[in-house]
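See structure below.
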Amino acid sequence: MATMAAELPVERRTELIRRAAARVGTSILVLAALWGLWEGYRWLWIHEGWTWPFVVNDTTMPHLHDIFAALWGSASPGGVGPRLITVLVKGALFTAKEAAAGFAIGALGGFALGVLLAQFRLLQRGLLPWIVASQTVPILVVAPMVVVWANPKLPDSLKDWGAVALIAAFLTFFPVTVNTIRGLQSADRRALELMRSYAAGDWRILWKLRFPAALPYIFAALKISATASVVGALIGELPSSIPNGLGAQIINFSQYYTTQPRGLWATNLIAAALGISFFLIVLIAEKLVVRRAPENLV
Amino acid sequence: MSSTAPAAVQPVPRGGLGKLVGHRLIDWLPAVIVLVGIVGLWQGLIVWLDVQQFLLPKPTAIASAFWTDRQELLHAGWYTFQEALGGFALGSGTAIVVALVLARWRPLGAALMPYFIAANAIPIIAFAPITNQWFNGGLTKSSKVVIAAILCFFPVLVNTLRGLTSVRPQDLELMRSYAGGQTAIFRRVRIPNALPFMFTGLKVATVLAMIGAIVGEYFGGALNALGVLILARSRIFLFTQAWAGVFVACLFGLGLYLAVALVERVVLRWMPSTLE
Amino acid sequence: MSVVEISGVSKRFGATTALEGIELEIGEREFVSLIGPSGCGKSTLLRIIGDLIDPSGGKIVVNGKTARQARKDRDYGIIFQDPVLYDWRTVAKNVALPLEMARWPRQKRMARVQTMLELVELTGFENHRPWQLSGGMQQRVSIARALSFDPALLLMDEPFGALDEMTRERLNMELLRIWAASGSTVVFVTHSISEAVFLSTQVVVMSPRPGRISEVIPIDLKQPRTATTREEPRFFELVTQVREALHLGHDLERAAPATSQQAGA
């Protein structure tokens, strides 16, 4: 079922190693193919001088190796100061802090809310539509107001980034809530009847039956939420003039794009790495907790 | 989905709000009551706690601001909605085509699926200023359409592909017994089977499309775009008007979601309505 | 004239031998049951006849052609334990599916669907959805669908396995009635000894590891079979005969493991 014996026989282990190696191999292939596509597209468009969908040149589509080289170069156009990659990774770690905090708050809060709504149908019917509607609010424009409102209430060590964490939590909780509800309600009817025949109380049933049944659903949501928390953190940072995060770098490099295009591309690479890392962490956690987790998700 | 005894457990949430809240009109009564309650509480709290107006205006203030500016707001909303709609159509359309191709060559699809899922984890928001650079410095709709399209692409692709490939061996054996080739299998089994999955992805995409358009506008957009409008107002501290704009953005976003949900209801009228 | 001729057929899945040395001949209008414990290869054999699995060796002739050609010519209809009906089609459209694929014109299709639903006694359910029907009714739709294009051969893989005993006995009677009316040949896989004896003209007893035919028992009960057939002494004798053949195959397998088991998992 959900968890199985801990010991894996030797054949299983070699099989897993082989599969991991195959996965790494295909990843390298895919990345190489993407790199080829990029350079190929670039060469073709420049060679033919096509302007649709957009003009291709060094500014709009720098060489991939140029972007990587820029990472190792200095961050400022003058050529002095810290390396670009150092600056970006520092920013990414700051954003990661916000995202992780937001993820934790959102996941726990979302789960609690999901349990509550699954247990009380009337509450579910009353609140859920508005929770869904709340997700259509463009957070980007609301973010500065949240920061201004939250900052005075937070202790100094939590200022600014704490507010952004709240914004990240807002984007995180929704998938978790919806999937928690669905997961809790997905318990097999016959298993439910069995529990009732043991005179198990509601909370017992919740813990022993519904919750394990909900785990695959919850992890599916957590994978979405991992990404959402990073996006939420960035969206929170952008309009709020927070200097230490990756969002500030995005604004910075977008302003200087015409003179230093590779900076923004490099920032994108680091942001992508950040998003994917969060996702991978949750994926690995899922594989450990829910051994049988199918890779189905929304 | 073919008829079997108990439904296979597959943690891909399908079916929308209707499944969770209820299909009958009366099921939505608590929601209406809650709405009234929230609005009342909102108004009451602000007045009672004397919350600073600039942070969260009274609902009545927002309503009147909306009413005063409704022409301009709805026009701007429509402008941005067009970007969202364009992006939704482009992104979803491309995703469906790619899903069909990948379902046809299944080993390729299975091998690539994890990478699509990972690509979905990339925050596109960092990419928005670049698309603005690509397309007329962000002054036209195109760059926002592209952002919205990219946001819509992966959820629709992943879901549709999953639907196209979650066919049981017996379904395929049955078609083979009728000497059905790949085309027949696609037409008669894979595509109808994929429709519920596809709609799940489309509904996720509707919400993302509107948000994508507005995020794109943050980095540059025409003056009569909703995102630009809201930001301009908040920058000069006209927060009530800014919130009125947010309200309009929500309206359009919900509108798109409901439109797709309605189409789903019609197309999928054969689905057993689970009355859980 | 035999409808199915199987000579020397074997099937290996990796290191396991699912079938070995299968020799069988099925004549026109016969009702042949394949019975045996799990792993004896009966479902595999059925699918080989239907060209849904390729044999590793041996020869099969179906309706005077290769199995592949017979499948392409739609010479058989197949029914699984799961009705495999499509939720997005009404009952009528489900039955019409093979006819659509054979490009029958619409009028002809609709007429045939009506006839088939009458045959399985489901008139009036044309516009129902599969999930609105009980398991037994769904299986009847699946039978209607399999027979809709008048195949010479009907392959059935434990079709009544998921149903309760009373529905099962009723559907057994219906199946016999349909078989007599349509004049087709039936190959029927089952777990149930009494069902096999009740329905068939011949019972093929199979045993596992490696999957092979241990005995073919002709059933000489009077046709048409009725509800009282189950109460005849001859019925019990034949059931006992089949049971003993099954045990024999099982004991042989336990006493002397077959060579293929050494290569097995």
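Miscellaneous remarks
As written, the chains take the letters A, B and C, and residue 1 is the first residue of each chain.
Keep in mind that, in the parts below, contacts are C-beta pairs under 8 Å (C-beta built on N, C-alpha and C of every residue); 3 or more make two chains touch, one makes a residue touch a chain.
Quantities reported herein were computed from a predicted structural model and do not represent experimental measurements.
For the pair subunit A and subunit C, chains touching both partners: B.
With chains reduced to the mean position of their C-alpha atoms, the one farthest from subunit A is C.
By number of C-beta pairs in contact, the leading pair of chains is A-B. Chain centroids computed from C-alpha atoms place B closest to the centre of all protein C-alpha atoms shown. The geometric centre of subunit A is 52 Å away from that of subunit C, both derived from CA atoms. Centre-to-centre separation between subunit B and subunit C, using Cα means, comes to 48 Å. Centre-to-centre spacing of subunit A and subunit B amounts to 18 Å, using the average Cα coordinate of each chain. In subunit B, no position touches at least two other chains.
On the subunit A side of its complex with subunit B, the touching residues are 23, 26-27, 30, 53-54, 59-60, 122-130, 132-133, 135-142, 144-145, 148-149, 178-179, 181-183, 185-186, 188, 213, 216-217, 220, 223, 226-227, 230-231, 234-235, 238-239, 246, 250, 253-254, 257-258, 261, 264-265, 267-268, 271-272, 274-276, 278-280, 294-298.
Residues 1-5, 168, 170-171, 173-174, 176-180, 184, 188-189, 192, 195, 270-272 of subunit B are the ones that touch subunit C when the two sit in their complex.
The touching residues of subunit C, counted against subunit B in their complex, run 47, 50-52, 71-74, 76-78, 80, 82-89, 97-98, 100-102, 129-131, 135, 138, 162. Across the interface of their complex, subunit A is touched by residues 6, 9-13, 17, 20-22, 27-31, 33-35, 38, 55-56, 111-115, 117-118, 120-127, 129-130, 133-135, 142, 155, 158-159, 162, 200-201, 204, 207, 210-211, 214-215, 218-219, 227, 230-231, 234, 239, 242, 245-246, 249-250, 253-254, 257, 276 of subunit B.
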